[in-house]
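In what follows, subunit A forms one complex with subunit B and a second complex with subunit C.
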Partner chain A sequence: MQSLTQEQVIMIVARQFDDPGVTIDADSSMDNVADWDSLVHLGILVSLDVELEGRAAAVKKLAACRSVKEIVSCLAEHQLLTQ
Partner chain B sequence: MNAAIKNISYHLPDRLEDNGLLQDENSDWRMADIEKKTGIKKRYVAAPGETAVDLGVKAAEKIFEAGFAKEEIDAIILVTQSPDFVLPASACIVQHRLQLSKQCLAFDVNQGCSGFVVGLSLASSLITAGTAQHVLLICSETYTKYIDRHDRTSRPVFSDGAAAVIVGPSAGSDIGPFDFGTDGSGADNLIVRNSGARTDDSGESRLFMNGSEVFMFTMDMVPKSVNRLLQKAGKTMDDVGMFIFHQASALVLSNIQRRLQIGDEKIFNNLENIGNTVSATIPIALKQAIDKGVIRPGECVMLVGFGVGYSWGSCLINYNP
Partner chain C sequence: MVGTSERLPELMYNLKLHNGKTLLFETSEKVFIPTGTTTLLLDSVREQIGSRGSILDIGCGIGVVGIALAAYGLATSLSASDISHEAVVLTEHNAVSNGCEVTARHSNLFEAWLDTAFDYIVDDVSGVAEGIAAVSGWFKNTSCESGYDGSLLTKNVIRQSHKHLRSGGRLFFPVISLSNETEIIAEARRCFEKVSLLKQKAWPLPDDLKPHLALLDRMRNEGVISYEEKFGTHIWTTSIYMAHN
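For the complex of A and B:
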């Protein structure tokens, strides 16, 4: 996949959580989703790279993203987001 | 004169910590998730007072007890980031403890996860330059001494251990080429602050690892180093019989494997019951792969170390026992 939509980013983040009670939306972040910790974030980074066919690995700023908004913005900066 | 790996041995401390123990001490940790991502079930921990020199000496003694003559050693390289002292060099203490020749060159190399490849390059260079005939290369670490018992990022991963390797002369070209790299912009992401001359007011001197940052570095840089090395050697992935990567964590290794499209049959991992022993992971894995017959004589093996620094290095060896 050349790029992702915001909805796809949300789905990628959501599927990292085993708990069906966890709801992810455009405003979700490490600050308001209790289980979104550094371990979960590693899973998000891997999934982004898989979905983007290896293009996410070079986007170093993704490591520091703490929210869906930041991930979306970071991908957009690198032309990896479809509006 | 060319160089080759002649002997390998390793030593792990007696004390083992399994995931049950970590869970007991940290009830808020999701241990199943941690085990899935690290791939590690147990790690070795040096006893209080047991140091990298102690572990390294025990690893080297196994080689000498097996019959290699101590008198042959004329250089000692100790790769460690947990030296016994800031000074003198721990390699000098190793020379004395092992009663090696006083004509030995001895020095420490302060590198972590890339350290074995760095040390192998130095050992090989000493031999090809005629400076030394047989180099004792020891990789020994006691990172656990730097780690807080409640540090969920580092404690499940790191383990203590040592490996000793004899690098000696060879008629063939058995070590090399190498690819190395450094990116000091990542220094803050894996660091023990206040452990040297630069101090801050916090006084904090525990290991800190920013897992996400280090992970992104490995995903990006390791495949590039592998491809650069293949290009340098005029080889393809198919020419490499076995890949031994620094045993960082299962997540890191599986992603490198995915990005390089390496089949399971061409990769040797052993971190499940040993953990990440930093610079010692590659020689320990190499020894285990040889002992298990996974590496065949004459096979081209790629060794890839990467991590703290950031620093990385990869090389090819031909294993000819």
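For the complex of A and C:
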């Protein structure tokens, strides 16, 4: 995939949580989702990279993003987001 | 057989099930401590088992996967085995304490199940390249005679499984990228008509392995294992496969 929509980013993030009780939306972050730990975070990064066919790994800032909003804007900055 | 009194009761592992129940498992320093691969395997099998059936948990450790599948109501009968006597004793104990029945046997692979067939075989015998297992901390008191490339035991299970699967039966197995995934999958495709990837999860390299990057690098260059450098860390994976005819 060349780029992702915000909805696809949310789905990718949500997929990382095995607990169906966890809901992810545009405002979710490591601060308000208790289960969003470093392991889940790595899973998110790897999944984004798979979906974006290896382009996410080249975005250095992505690893430091702590929320859906930050991920979305970081992808947008690198032309990896479809508005 | 190691007696109950020899167990170290202070180590516990708890597992939250998707139905809200929590299972408590007694473990010890003499056995394999469940990891993320344990729960990934469990979740994959739970999602795939459409109808209840007889289950064999081979390489059961303290019995987490089989006992949890039984707790989900997916087992008409549960059998479990491991090459570690301590693991078998703990599996029996954990089954009782979690209110489920198990036939647990000490066994090198299928040796104790010669004439028995199951609907589902859930394999989790040690499958990390031996040299890496030795320095990893995962197998401190656990047998991991999986060969140089880590594929030996898993390939043996795959090869022997068809004799122990009922018609329509399924084999589930994890493949760690710190073993020869290509070889294992090739073996699965030789033995089964259908082999599918159910789930995959990425992990950062554990601290124990960081001083051994030269060994890992060499094995990666030999094409024996795989991992990637991404997002400032070294990433390896567990993949869960299902095989059937």
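Observations
We adopt the following convention: the second predicted complex is superposed on the first by the 83 of 83 C-alpha atoms of A that agree within 3 Å, B and C clash if a C-alpha of one lies under 4 Å from a C-alpha of the other, contacts with A are read in each partner's own complex, and residues count from 1 in each chain.
Please note the rule applied: a contact is a pair of C-beta atoms (placed from the backbone, for glycine too) under 8 Å apart; a residue touches a chain by one contact, two chains touch by 3 or more.
In this text the structure is predicted, and so the values were computed from the model without any measurement.
Legend: residue contacts after superposition of the two complexes on their common chain; A:L62 is shown touching both subunit B and subunit C.
Of the two partner chains, both subunit B and subunit C are touched by A:L45. When the two complexes are superposed, the chain touching more residues of subunit A, out of subunit B and subunit C, is B. Contacts of A:D31 after superposition: neither subunit B nor subunit C is touched. Of the two partner chains placed around the shared chain by superposition, neither subunit B nor subunit C is touched by A:E53. When the shared chain is aligned, subunit C comes close enough to touch A:P20, but subunit B does not. Shared contact residues of subunit A, touching subunit B in one structure and subunit C in the other: 38-39, 42-43, 45-46, 49, 57, 62-63.
Taken in their complex, subunit C has these residues touching subunit A: 18, 36, 39, 43, 201-204, 230-233, 235.
Contact residues on subunit B toward subunit A in their complex (touch as defined above): 30, 33-34, 37, 152-153, 210-213, 215-217, 219-220, 251, 255, 258-259. Subunit A makes touch with subunit B in their complex at residues 38-39, 41-43, 45-46, 49-50, 54, 57-60, 62-64. By the touch rule above, subunit A contacts subunit C in their complex via residues 18-20, 38-39, 42-43, 45-46, 49, 57, 62-63.
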